[in-house]
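Letters A, B, C and D mark the chains in the order given here, with residues in each chain numbered from 1 onward.
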Amino acid sequence: MIRAAIAGASGYSGAELVRWLQGHPEVELGALAAGRQAGRSASDVFPHLGDAVTADLVGTDWDRLGAADVVFLALPHGEALGAAGRLLEAGARVIDIGADFRLQSPSAYRHWYGGEHTATDLLAEAVYGLTEWRRSAVARARLVANPGCYPTASALALKPLFEHFGDRVAGAVVIDAKSGVSGAGRNARDGYQYSELNENLKPYGSGVHRHQPEIEQELAVSGVAPRVFFSPHLVPMTRGILAACYVPMTAPPSRDELEAAYLDRHASEPFVRVLTGSALPQTKATLGSNYCDLAVRVDAERGLAVVFSALDNLVKGAAGQAVQNMNVMFDLPETTGLSAVPVFP
Amino acid sequence: MIRAAIAGASGYSGAELVRWLQGHPEVELGALAAGRQAGRSASDVFPHLGDAVTADLVGTDWDRLGAADVVFLALPHGEALGAAGRLLEAGARVIDIGADFRLQSPSAYRHWYGGEHTATDLLAEAVYGLTEWRRSAVARARLVANPGCYPTASALALKPLFEHFGDRVAGAVVIDAKSGVSGAGRNARDGYQYSELNENLKPYGSGVHRHQPEIEQELAVSGVAPRVFFSPHLVPMTRGILAACYVPMTAPPSRDELEAAYLDRHASEPFVRVLTGSALPQTKATLGSNYCDLAVRVDAERGLAVVFSALDNLVKGAAGQAVQNMNVMFDLPETTGLSAVPVFP
Amino acid sequence: MIRAAIAGASGYSGAELVRWLQGHPEVELGALAAGRQAGRSASDVFPHLGDAVTADLVGTDWDRLGAADVVFLALPHGEALGAAGRLLEAGARVIDIGADFRLQSPSAYRHWYGGEHTATDLLAEAVYGLTEWRRSAVARARLVANPGCYPTASALALKPLFEHFGDRVAGAVVIDAKSGVSGAGRNARDGYQYSELNENLKPYGSGVHRHQPEIEQELAVSGVAPRVFFSPHLVPMTRGILAACYVPMTAPPSRDELEAAYLDRHASEPFVRVLTGSALPQTKATLGSNYCDLAVRVDAERGLAVVFSALDNLVKGAAGQAVQNMNVMFDLPETTGLSAVPVFP
Amino acid sequence: MIRAAIAGASGYSGAELVRWLQGHPEVELGALAAGRQAGRSASDVFPHLGDAVTADLVGTDWDRLGAADVVFLALPHGEALGAAGRLLEAGARVIDIGADFRLQSPSAYRHWYGGEHTATDLLAEAVYGLTEWRRSAVARARLVANPGCYPTASALALKPLFEHFGDRVAGAVVIDAKSGVSGAGRNARDGYQYSELNENLKPYGSGVHRHQPEIEQELAVSGVAPRVFFSPHLVPMTRGILAACYVPMTAPPSRDELEAAYLDRHASEPFVRVLTGSALPQTKATLGSNYCDLAVRVDAERGLAVVFSALDNLVKGAAGQAVQNMNVMFDLPETTGLSAVPVFP
């Protein structure tokens, strides 16, 4: 059994980690640390859990957490910088759900997150955990930087296109992404009240969102340096991301050609489903599951390829992919504990 | 392995049965019959399933269905009257999610459902499958009448009170129940359009709903003949039932006394959670799971006991309880395949 | 023109007052005071208003506010206790949307609101502004206590029954009320995040809500001292209240008899609509308007009369009724500025 | 007084026309025709209206309708082809909310709507009623083709850019649009059930939606022939459209420069609001009103200008703009009867 601990267990990503880990057949759930909520019972903080998790939340004691085999960090950005090192020294492996080890460049970190990166040695070591594209590195990693929710949806959507047809991309890729509200976390802010989000749809952070450089970095690995304009929106629902990726291309491939590349790439992927025919991804078809659904379209006349991507931001976009990475790190079948199908309707 | 088949697989209850049965470790999912949708692939009718279920939907061929060990019927009322007998003759056991075998009296059936009951011999044999209260009978049953969603919420809420304090009930019990829209089924009707249900809350069928006699029947078993006024409402959400049960009592017990009766009764129930302290049931804390949450309050001055009950209408209120009954019928641990915790948030 | 000012303009009730008053043909909108938001422009705090209101929000300066003809108070409870007197002395008339002058008994105020009532002389003078039932007193009032949202829905639903058949009421009246989230105000709290309210339905404050004594007080005026058990629920929508009122009766009147009493009472009421036939109130049919819709049902066998009531909690349940009271106080036709029909769908 | 009639009064656009016209100070509401619902009272079909409209719905009698001064057509496409001529002959002016007279080319109509255009003479005469850009032509028109909801949002967003900087547009414009469900009309279809739309977000008709050629046509008037890729999505809310328009440009103007063009163009427009600073359009800030909110952004490095646009699809996207056109046609102040501010929250 893998002994797993969580720091930041009381937020939505933390809760989702608890949901998946408590049902994981190879995991023994250890310390659930949560600063402000320490001392409360898990079922008090998360009434849905009932007595499925009987532990109380505990304070964030790194020594105690470091005794686990793997520690999941679901912390505000900046807080994992110091924690990761302590946990690694204690012998635990670390999966950081937060943003501290995602951008490979310290200066990019400074620019986008507004502080010095104080663990640059670990930054060099950290593996960006987009599982489908980094399996072997993840397997060996001590420290995994779990991708952001939007970058997961975007990179899964675009990497096959860039790999196969990257030389034909001509201009900035526009990613118009729409997210349910849980992506904003559990800390309520002005403008995020129920009454102001419900029956409302709004863009935010257009072109200045922190996930934009993360996506550009992840698409660049194939040798091309793509320019991405990332344009997120807040949608009146709890879970789900739908990314529409618009790629200007000179001589775009036909839809069949493009679709074949996607089908081929994902033929043996357990969590990526390529939709064909008239089907298009929809968030509800992934709700509560670790699936990411993809579909491609091509408009030759307008010189555009379009890739749609849907996933549950708290699962494949956070906790689910983290557990998937854990499975890879501990040499388990990748779907262990993750085989739940979506809840529909 | 239990070979299971479904008739009426394309509706919401059918889809939910597929969701639970495809992940059940002791079940081999057989024919999925669905009249109008026969010939379409399961993943076409239910995009969330992807290739988790590769079968096509088939026509409703009772001989084929009867070859299964157990057949779940998720049919419009009236259609199970003839089907049940054929399936039982073929050797299958039958769990009817519909209403045809719930009311024990043929004249009540005629009054509330508007047709003759043409299988009165089976009606006498059928076991009302409120699992927590009928385990031994369910275990032996060939034909189980799976309770309605509202009656499940209501009976689980009220039976301990009636059992312990039924002689103090003084007057009509009011059950004010609120349901998500999925309870109305997959067939869209006027007034059920998204735009007219969203941001809307409405009562319907107040005092004349078909679940009222079912609840009265189920509460009557303890010897008392309660009068229930059942008042359902439609709420702008997909899943979930919240029933508030108001019981006028002469000399009501104290809250502690009443709560103790509930805690005691459910101490070893895996799917009923009695909330204490200031906690009250909420539908989201049960979403996607087979739990039913209960809490009691007493207003001695006003001569009222109040019991709140929450569950997911498609799980404990339909498909989940059906699988729970199947587990009992086939001598499996009752929680087999049903241990998923709720999806939150 | 009536010069109107608002204290507490930045909350939801305040915003709704601004919406109605800026379009009122006999009102000149003056100071909009809002403690924390002072100095910001109205269109910044309320983007929907655009330049329909060009004023900046100001600090809460009672002298400045007192120069208006009428001041609306939309303040946290306790804050109107001192303010009302100062404004009346300055010559303004006051309509308090808050709770400080609703309960006639200082000890009830202390019990339910947890502080001394420090303006008992004004409490004696204040008129409870349920317009349909207090027109002549409201017309003369200097200080109007605008009813709470739930009490408005409940009292409009029950007063005709109590007036005509109050002697047959036998036992505690149960009011099971359901409200959209805007009733909880603009200050986000734990448990009120979008992700935890959406697709969720939950009871709260059952039997201990501050509106319970207000309803009992308001129903008592007919000479009977009714006992009310008030049981509110939070529903995943922004606006709207639906109250279901269950009245145990000895020898209840027939539905026709009861309905006739309601139709007769409201024949010339512009804002109360009595639904007949199979129609039942639904919140969306009142959304954005000052209407309250009512319907009655009777179950003679079970000794119950049931009255359903629907309204928009921010309009007839708050700002709209306040403007209606202002119209009465200033001798305008009662519907002036309030004739908008609901927004549907 | 203008005598106004409606054909197709029982759908959502029809209902919204009734809402605005019944409160319009210069309109006398005449025949409300609705094929299937003829004979039912308006308040039965639209419970929100109560007795604000006392008429019964009538059958579609063109002679009777033609006696009005203006007839609004809210019909399925194809049905206005014959009706328009009859009404014009009878002396009425016609505002067609549907699609029959929007595309100027009969072959485009055939291609996108699948039938012959049988009233090509009227097609040549019809004025495309994007009020802000066609006032003088609308004023003189006998027949106005009211723009589609998406084209209204898109054209208002893009025309100033094309007018000022059209020569710098380099490549296909991507319009990623998101709509509430009411845009799909009142006829429920499979996949449009509440339970399948709620908590769901899905693209549809990407690159093949009928509004794409309408938008291209409308942007082309300035001399440039833009290529538009139109990509609509269905969002779980009732009302509202948010269009994000991504324009690839060589040497894009600065944001200040672009914003100045928009502010200048709309300085005296009563219904177009250009947001500046950090504000971005959101649908709720327009809900129930005739406003369209715009904001611009520029990413010089990526060669992109972005324009966001929000409106209420049933108001500025349908019935409200139709009434605005009527005001222009009958020489009334353009805001007459349309001055309601949005309902918020």
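One rule holds in what follows: a contact is a pair of C-beta atoms (placed from the backbone, for glycine too) under 8 Å apart; a residue touches a chain by one contact, two chains touch by 3 or more.
Quick caveat: nothing in here was measured; it's all calculated off a predicted structure.
By count of C-beta pairs in contact, A-D exceeds the other of the chain pairs A-D and C-D. With chains reduced to the mean position of their C-alpha atoms, the one farthest from subunit D is B. Work out the mean CA point of subunit C and of subunit D, and you get 36 Å between them. Between the Cα centres of subunit B and subunit D there is a gap of 45 Å.
Centre-to-centre spacing of subunit A and subunit D amounts to 38 Å, using the average Cα coordinate of each chain.
Contact of a single residue of subunit C with at least two other chains is seen at positions 12, 180, 182, 193, 195, 198-199, 236-239, 282, 284, 287, 345. By the touch criterion stated above, subunit D contacts subunit B in their complex at residues 12, 180-182, 186, 188-190, 192-195, 197-199, 236-238. Within the complex formed with subunit B, the residues of subunit C that make contact are 170-172, 174, 176, 178, 180, 193, 195-196, 198-204, 206-207, 227-229, 231, 233, 235-240, 242, 244, 246, 248, 280-284, 287, 297, 299, 301-304, 306, 308, 310, 345.
Of all residues in subunit C, only 12, 15, 19, 22-23, 46-52, 182, 198-199, 238-239, 273, 275, 279, 282, 284-289, 291, 293, 339-345 touch subunit D in the complex they form.
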